[in-house]
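Got some structures for you, see below.
Next come two complexes built around chain A: one with chain B, the other with chain C.
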Partner chain A sequence: MNIWDKLSSIDRRWIFLAMAIFVSWPVLKPLGLPVTTTKEVESLYSFIDEIEDKKPIILALDYGPSTAPELTPMAKAVIRHAISKGIPVVGVSLAPDAPGVANDIWKWAQEELGAVPGEDIAYLGYKAGTTNVILQMGQGISKAFPKDYYGNSTDDLPIMEGFQSLKDASLVLGLEATAIMDLWIQYAGDQMGVPVAGGMTAVSAPEAYVFYQSGQIVGLMGGMKGGAEYELLVGAPGNAVQGMDAQSLGHIVIIVFIIFGNLGFFLGKKGQDVSRLKSLRGDQK
Partner chain B sequence: MILNLIAPFNTTEGLGIWIAAFLTLCIFSFLYKDNPFYKFAEHLFVGVSSGYYISIYYWNTLKPNMIDELTKGFTALGKGDMQKAFGLDESGAVMAEPHLRMLVPLMLGIFILLIFISRKNAWLSRISFAWYIGVASGIAIPTAMSTRVLLQAQGSIRDFCSYNADCAVSAGLEPQVATTALWINAFLLLIGTLSALAYFFFSLPSKGALKVMNKVGIYFLMISFGASFGYTVMARISLLIGRLQFLFYDWLGITIS
Partner chain C sequence: MKTKLPVTIAFLTGIFMAFAYFVERDNVAWVRILYEELNQNNIVLAVFVLFLGVGTLLIRHAKKIRDRNSDSIYSWVVIVSTLAVAYIGLFQTTGESIGANENFQWIFNNFQVPLSATMFSLLAFFVASAAYRAFRARNTEATLLLIAAAIVMIGRVPIGAVISDGLNLTGSFSLPAIAEWILDIPNTAAKRAITIGIGLGMTATAIKIIFGIERTYMGSGK
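== the complex of A and B ==
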């Protein structure tokens, strides 16, 4: 077995160990690698920055703890921005595992930003039915959510004054780990004419870029990088910016192992066997 | 980097952090090899998730939408108020609260369960499925067609129009000053869309111009798969970073100075 064969049959646990070391290191000791902003995130920032009528933003927290490292920094950065501009934020969830995460964010907003519950922020909780809930919200917010997550009557909340239906929102920002983003675009955006933006997990983000290009959404944050960009634009670097160093080193490890794997395959015995097989097939033709 | 006290064990929050840290390490132990700690955490996760979802669906859907409505309906019926029992106000208009009208969806739900209970009466489930598919299709198809097909088709040539002031104004777009880079982008988008569509056109043999289009389409598709792979790697590393931040900052109490 030559070195190339050894490279292509390396024990996967060495890869895990390398990944653990290179991702842990910058988490413990940040390297301060630069993070640049993209126009998709900048346009969302500008859109929120230019909201003048102080109509509420609907923040759809449609994700659970499994994707919180990617999406919670986005939620916090956007809430920080909105509260600093005096724009109220109303949270809803169409994913059943979201309320726990959302409740933590709401507590953070009260403690860290001094947001007043019911006036600056409100969380209406989770409701099953996805499409039906969005359509119901179009008829009336309190029709879909008669009470908020904490048991208060939705209509009695000061934040709801003049905010009867989804159509009165200045923006719907979907923080999504699933295909619910499509539904917000379809029903809130294209059907009701409410501006929609997305904050997607990195896995889902590539599918959402087409909606940004076609103008169906006003902005897009993709994965932890999107959250880091928004944190920088708001001027309050948080967990996402801290995580970007680890992200970069993690990607370098993956790239190096992909190169090693391919070199091992093409220069090793397996690759030579495949080329021999191909040439034999060519001879038969 | 400052190492503070490890999360206190004697508070509710501290205990929660310790349990979460232990379970995280149990799951990570699978990276070395399968073991009883991993199995324990895996089974616990499945059990807790099932319990959580059942509870969420009961308290958020079944109880408020079905049990509470039927209770109110039967209470009104017991008082002899037939109109209120079926969710009608004094003038006979339909109220938002359905009360006993919920018997119809309850019946449709029971019909679906008949598949598992009675083979003889299982055919009744077709009524429920027919209703569900009919309504869902009616709601979804027109908007999906508009969002996914018509507006996307428009989007593929949108840039060309926005570079021309007259066209942009008539189409309601914001006029843009076209630079060489923007023109290249617009052409790439158009060529990518057309060639990827051509790759999935199977009604003609792949020869001549169509073969060239197919080939170009494959390259565009491969680039998009590569982008998706890169984003997937980023997503997975983000989750790892999230767990490490939890272990280092919340559990071990390390603060970055």
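== the complex of A and C ==
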């Protein structure tokens, strides 16, 4: 077995070890790689920055703990921005494992930003039914959520003054790990005319570019990078910015191993056998 | 009757919902009222689906325990944790608020969060291993995919800009700019084609269900 063959048959435990080292290292000793912003995130930031009528933003927290490292920094950065501008934030969830995550974010907003529950922020909780819940929110917020997650009557919350229906929201920002984003666009955006924006996991974000280009969403944050960009725009670097170094090196590790695999494949015995087989087939034709 | 009734309900509901979508509902009282009622009923149905899911899960695992399956210890874990969380949520909640139940949040933070985080973080290792084994430039299509994936992976993280600076790639030729172009143009073109295809397929299927041509949603009828 020559070196090229060895490169194409590396024990996966070495790959795991390399990944563990290169992801942990920048967490312990940050590299401080520069994060640049993209137009999709900048346009969301500008949209929120220019909201003047102080109508609430609906923050749809439709994700569970597995995708929280990617999406929670987005939620916190947007809440920070909105509260600093005096824009109330009303949270809802259409995913059953979301309230636990949202509860922690709401506590953070109260402790870190001094947001007053019921006045600056409100969390209405989870309700089953996805599409129908969105449509019902269009008929009346309190119709879909008669009580908030903490047991208060939704209609009695000061934040709900003049905010009767989803149509009264200044923006719906969907933080999504699933295809629920499409529903917010179809029903809140296209049917009710409410501006919609998205914050999605890195694997889901490419699917939303089409809606950004068509103008159906006013902005898009993709993966931890999107969260990091928003953190920088609001001037409060947090977990997402810290995570970018680890993500950068993680991607480099994957690329390096892909290169190893291909070098081994083409220059090793196995790859040469395949090339020989292909040329033989070509001769037969 | 067993067939005609569901087909009739599907027909009337389907036609009405399509009609209601295009009508200014606030101006036509009967359309608005009926539309809101159907919507409310759908939410009630969604709750029953949750019950159905939990019920099926419990029955399946109870069967595994009864059959003394070698993995039945895991079935015990599923049943005990499901019932324990349901009990705390239903009977230990003060007033009517689940948000005020600290036990519920404690279970979430100390069980679900670390378990989900562990499962999801393993992806980084398995993706690296799978990419190493499967991502081979065997033909033109695979090579294009490989190059696009590598550029997007590097261009979407900060180190992409650092590498571009090091290689003196600026403006439209920098890795972040090329990654943005891939996402904006080829990715969007493909996604748009797929979305339109799915939309047409859904419309065709909906029409078939409304007019009773597609009846598989009713089961075998046995």
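FYI, the second predicted complex is superposed on the first by the 285 of 285 C-alpha atoms of A that agree within 3 Å, B and C clash if a C-alpha of one lies under 4 Å from a C-alpha of the other, contacts with A are read in each partner's own complex, and residues count from 1 in each chain.
Definition applied: a contact is a pair of C-beta atoms (placed from the backbone, for glycine too) under 8 Å apart; a residue touches a chain by one contact, two chains touch by 3 or more.
Bear in mind that the values here come from a model prediction, so they are computed numbers and not experimental data.
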Checklist entry - Where does A:265 make contact in the superposed view: on chain B (first), on chain C (second), on both, or on neither? => result second
Next on the checklist: Quick check for you: in the superposed arrangement, does A:21 touch first (chain B), second (chain C), both or neither?
Outcome noted: neither
Checklist entry - So, does A:133 touch the first partner chain B, the second partner chain C, both, or neither? => result second
Checklist entry - Now for A:179: first (chain B), second (chain C), both, or neither, which partner does it touch? => result neither
Next on the checklist: Tell me the contact category for A:38 with respect to chain B and chain C: first, second, both or neither.
Outcome noted: second
Checklist entry - Can A:190 be said to touch chain B (first), chain C (second), both, or neither? => result first
Checklist entry - Of the two partner chains, chain B (first) and chain C (second), which one does A:215 touch, if any: first, second, both, or neither? => result first
Checklist outcome for this item: In this superposition, the partner of chain A with more touched residues, chain B or chain C, is C
Next on the checklist: According to the stated criteria, A:3 is in contact with first (chain B), second (chain C), both, or neither; which is it?
Outcome noted: neither
Next on the checklist: One more residue to check, A:250. First (chain B), second (chain C), both or neither?
Outcome noted: both
Checklist entry - Hey, what residues of chain A end up touching chain B and chain C alike? => result 16, 19, 23, 66-69, 96-97, 125, 127-129, 131, 135, 191, 202, 206, 210, 213, 222-223, 225, 247, 250-251, 254
Checklist entry - Okay, in this complex, where on chain C does chain A touch? => result 21, 36, 39-40, 42-43, 46-47, 49-50, 95-100, 104-105, 108-109, 112-113, 116-117, 119-120, 124-125, 127-129, 131-133, 135-138, 146, 150, 153-154, 156-162, 176, 180, 183-184, 187-188, 191-192, 195
Item to check | chain C partner contacts - residues on chain A that touch it in the complex | outcome: 10, 12, 15-16, 18-20, 23, 33-36, 38, 64-69, 96-97, 99-100, 103-104, 123, 125, 127-133, 135-136, 139, 147-151, 191, 202, 206-207, 209-210, 213, 222-223, 225, 244-245, 247-255, 257-258, 260-262, 265-266, 274
Item to check | List of chain B residues in touch with chain A within their complex | outcome: 1, 31-32, 52-53, 56-57, 60-61, 96, 139-140, 143-144, 146-148, 151-152, 154-156, 158, 173, 189, 224, 227-228, 231-235, 237-245, 248, 254, 256
Checklist entry - Once bound in the complex, which stretches of chain A touch chain B? => result 13, 16, 19, 23-24, 27-30, 66-70, 96-97, 125-129, 131, 135, 143, 182, 185-187, 189-191, 201-203, 205-206, 210, 213-216, 222-225, 239, 242-243, 246-247, 250-251, 254
